[in-house]
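Below, chain A partners chain B and then partners chain C, in two separate complexes.
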Partner chain A sequence: MNKAIDKTIIDVKNLSVYYGNCRVAHDISFTLREGETLAIVGESGSGKSTVLKAMMGLLDNGGRAEGSIKFHGDEVLNMTHDELKKIRGDKIAMIFQNAAASFCPIRKIGEQIAEGIKAHRNLDDSEIRSRADELMGILSLDESTWDAYPFRLSGGMGQRMGILSAMVLRPSVLLCDEPTSALDSVTQKAVASLLVRAKGIGTSLIVITHNMGLAHYIADNVLVMNKGEMVEIGSRDEIFGSPREQYTRRLIDAVPRLCKACA
Partner chain B sequence: MRKYHALIPFVILASLLLVVALFAPAIAPLDPYAQDLSVALLPPDDTYLLGTDRYGRDVLSRVIVGSRTTLGASLALLIVISVGGTLIGAVAGYRGGKIDTALMRLSDVALAFPAMVFAIAVAGVLGGGLVSAAVAIALISWPKYARLARGLVLQMRSMPYLAAARFAGRSETEILIYHVMPNIAAPIIVTATAHLGTLIMEMAGLSFLGLGAMPPTAEWGAMMNNGRSLLQTSPWVILSPGIAIFIAVSIFNMLGDKLRDVFDTHLNE
Partner chain C sequence: MMNEPILSLSHIKKKYSSHLVLDDVSIDIGIGECVGLVGKSGCGKSTLMSVATRMIPCDGGSISFRGEDITHASRSAMMAYYANMQMIFQQPIDSFDPRRAIGDSIMEPMICRGVPRAESKARVIELLMRVGLPEDYAERYPHEVSGGECQRAAIARAIAMKPMLLFCDEITSALDATVQKEIIILMRELIHENHMASLFVTHDIALLPGIADCVAVMAKGRIVERGTTSDVIAHPKSDAAKELIDAADLW
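For the complex of A and B:
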């Protein structure tokens, strides 16, 4: 473990999330260090995305969070809108579950990405485009995609544009909410490789997924959730090699595998 | 593409109507307000293409100039109602909670009254005149847009692009203006176009009852009122503005229907 990986970026302690009187996540604690990837796994409805939303102050419909979420030592739950605005999209970026749907359907994608960049950096259009072009090359996206409307893109292209939008400001933390759930297996692999690449340049990742294969492929640490509760947390090898909890074992055993004859 | 073609004739007809309304004084062959009792109630002929009314005024000129009053007032009213109602509904749907409850109960109150009876009562209390008629109709019509906008915003509230906009640092007001309103505009515009026909009838209806435009203003409803007692002896006096209302309402209703077809196609895509 090198010195950089010891540096804590996000420290979540006893986080609980409520919608009215209904508790949807309870007593969640974890730490994310620089360059590290944490996968939060569990079934659909286990509260994974809720934790992510709470971390970024994106809870809607009267949701509220209790506990502590620290980003570089600053308490996120006490931040004002302006303070959150400074870190969201710039220092912390997010890839949404359905990234194509994270673009406003009636405006061109490039226009929306540029707007997000301009909200944080004083860059002119040519600088923005050159940054985007660099990533578009890596993501195998055609240049015309920049001027396309969201509904013109396939699921994979939309997802890759979502990733581009999140990564173009080179954030220190990338939050990924089911980044591969809507994709075919080939594109899933490409997206996973890209996330590994981001990790390689020092970006810390929190990946929400119910895809245990992706979690195994990408994560340093894994947090298992069930019905809003934290089941267990540990290194990837601990969770996949010797899970302590029955629920974790069930999750791992439920992964479909190719039979020996097919493999 | 075929859907767009179906739209073209109605766009042309509606534009034609609006152009006539806009340049009415220049288009009208005679002075619509000039009285000459020596030519009163003349049937249509070469000089007076649609005949004259009981004061000897040229009916065609009055129908043309009346289009400006009727269409202009209806269009202005439509803009106020649709923008105001949509804003109220969008804020209610987006903010939710007590604001939503308060605004929607207010719309329930407005919807609880029989529309025309309420409009007649309000116009009666406020006194005659186009403004009174417009206020009366606005009071009963805004919930249509508020309800529609609220429903659309509720559908949209959980869309990822709103969360993404929030994440990118947009304030709630900016999200409402730049993301929510443009995305609900299409169904609102379709509804408003079809509603224009209804508003023309309502404005003309109040004027017909003597609660809208006041004499001698050339306005289709008021002109029909003026010709009411002449239906059997000089039917052109009442039929001319009546047919004008029929044509205008039909054009805007059909334009609304065709617009709906076009936007539905986009949704299906």
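For the complex of A and C:
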């Protein structure tokens, strides 16, 4: 296929993940194209985060992935540790459920973010700060947050600094693992809006969530998982408008909705 | 009209160092009434619940339970009130002793209040089944069950002594949406069956129509709006309520 017109960034085919003899994800396939957002939804334990970790080469405790994960045509599962290090953070960045907890508690957040940038790019401190300031403006963060310690920040601020840390290198893909689960509903919506804005500047997103409301808000396509298996995949309108599987319907029905309640 | 109050908090103040986290908060909960307390993280909801249950002291105001002033009741005096005042927390697994089987933890409040062991054991099985858990879960440890199952067990423990008042602090926040819905339905049934009053603390106003009769909205340590659940949701007056309603409509 002509690479100039093929906008596929990530192509996952028949991915299975094992811990010892236990298969925790089975035969997962999907494609992510430039500027697209894919939501992977399902209940706790359905294997969503495992798929994400496999994509970043971050499977722990002897986890083993089979199948294929291609990033811009290159096979991620064959990459060496050093090759993976080069793309992590730089080309594919991750936002975790509790991003503030992924910072070292005894060092200022700005120092830690700058360290990540310097590992990938030859930028001086003023350039780093200028990029960070631009993002802090977009993320509605006060500039003083750069010099704060993680424990000084509220959950929402910590999460936004996690997003900043992921976006500052302008990766082409953001992998978000339950990015709003640890937040109150108001902050959840603010973070969801920021992710939509990231999408607006051409970043592709994979968002792992059990919150179908968030999936509807943010995704172009939705992959539903249950007990390590793919239940169904389709466009947002297909999945929410005419779900084929009972399990998907159950997830959709569980979303508390004010408009329903008031009707 | 509200039933006779079972719990009244009047002009409560609470400071952490110099920071005022509860600022002149007053709220009544009527017998058999479920009050939803909603607000953003950090607005003081959980602190208010901790003050109401006397887990932490307040710096001003008064608390009365069934007409008796318990603001300064001693710890031993409070133990008697706790038979009628139970709590369920956000993290179910953390609220159980990890070294004890779930059945033993559910039985403990009954044993402490002199219910014979054989009767308590039978009641544990009855409670487990009522909250939708198989009876062999009595032998399981907290780490051997899922978050939703553990929260069901915590509910069983809380209703073991048939309390008149139940405090629920973000009891569905750590759960999947599907499990969240099951827990809300279970709580609604149990509250009606046992005619319990309850204070249901949450940041998600969308949960309240399924369970709460009325809503108090908190912001920055104050109650800024209250009314029936349908009124507050249909016609919010405060900015805080409007913001919560707007955020609940992600979809």
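We take it that the second predicted complex is superposed on the first by the 252 of 263 C-alpha atoms of A that agree within 3 Å, B and C clash if a C-alpha of one lies under 4 Å from a C-alpha of the other, contacts with A are read in each partner's own complex, and residues count from 1 in each chain.
Keep in mind that, in the parts below, a residue touches a chain if its C-beta (ideal position, glycine included) is under 8 Å from a C-beta of that chain, and two chains touch if they have at least 3 such contacts.
A quick note: this is a predicted structure, and the numbers were derived from the prediction, not measured.
Annotation: superposed three-chain arrangement on chain A; chain B versus chain C shows no clash, the two fitting side by side.
Residue contacts after overlaying the shared chain place A:D184 against chain C, while chain B stays out of touching range.
Within the superposed three-chain model, A:G62 lies in touch with chain B and out of touch with chain C [touch as defined at top]. When the shared chain is aligned, chain C comes close enough to touch A:L214, but chain B does not.
When the shared chain is aligned, chain C comes close enough to touch A:L258, but chain B does not.
In the superposition on chain A, contact of A:V51 is made with neither chain B nor chain C.
In the superposed model, A:G156 lies in contact with chain C only, and not with chain B.
In the superposed model, A:Q97 makes contact with chain B only, not with chain C. Superposing the two structures on chain A brings chain B to within 12 Å of chain C, judged by their nearest Cα atoms. On chain A, the surface touched by chain B in one complex and the surface touched by chain C in the other have no residue in common. The touching residues of chain C, counted against chain A in their complex, run 40-42, 146-147, 176-181, 184, 203-207, 209-210, 230, 233-234, 243-251. In the complex of the two chains, the chain B residues touching chain A come out as 96-97, 157-161, 163-171, 178-179, 182-183, 269. Interface of chain A with chain C (complex): residues 43-45, 154-156, 183-189, 192, 210-214, 216-217, 250-251, 253-259, 261-262. Those residues of chain A that touch chain B in the complex are listed here as 53, 56, 58, 60-62, 81, 85, 88-89, 94, 96-99, 101-107, 115-116, 119-120, 151.
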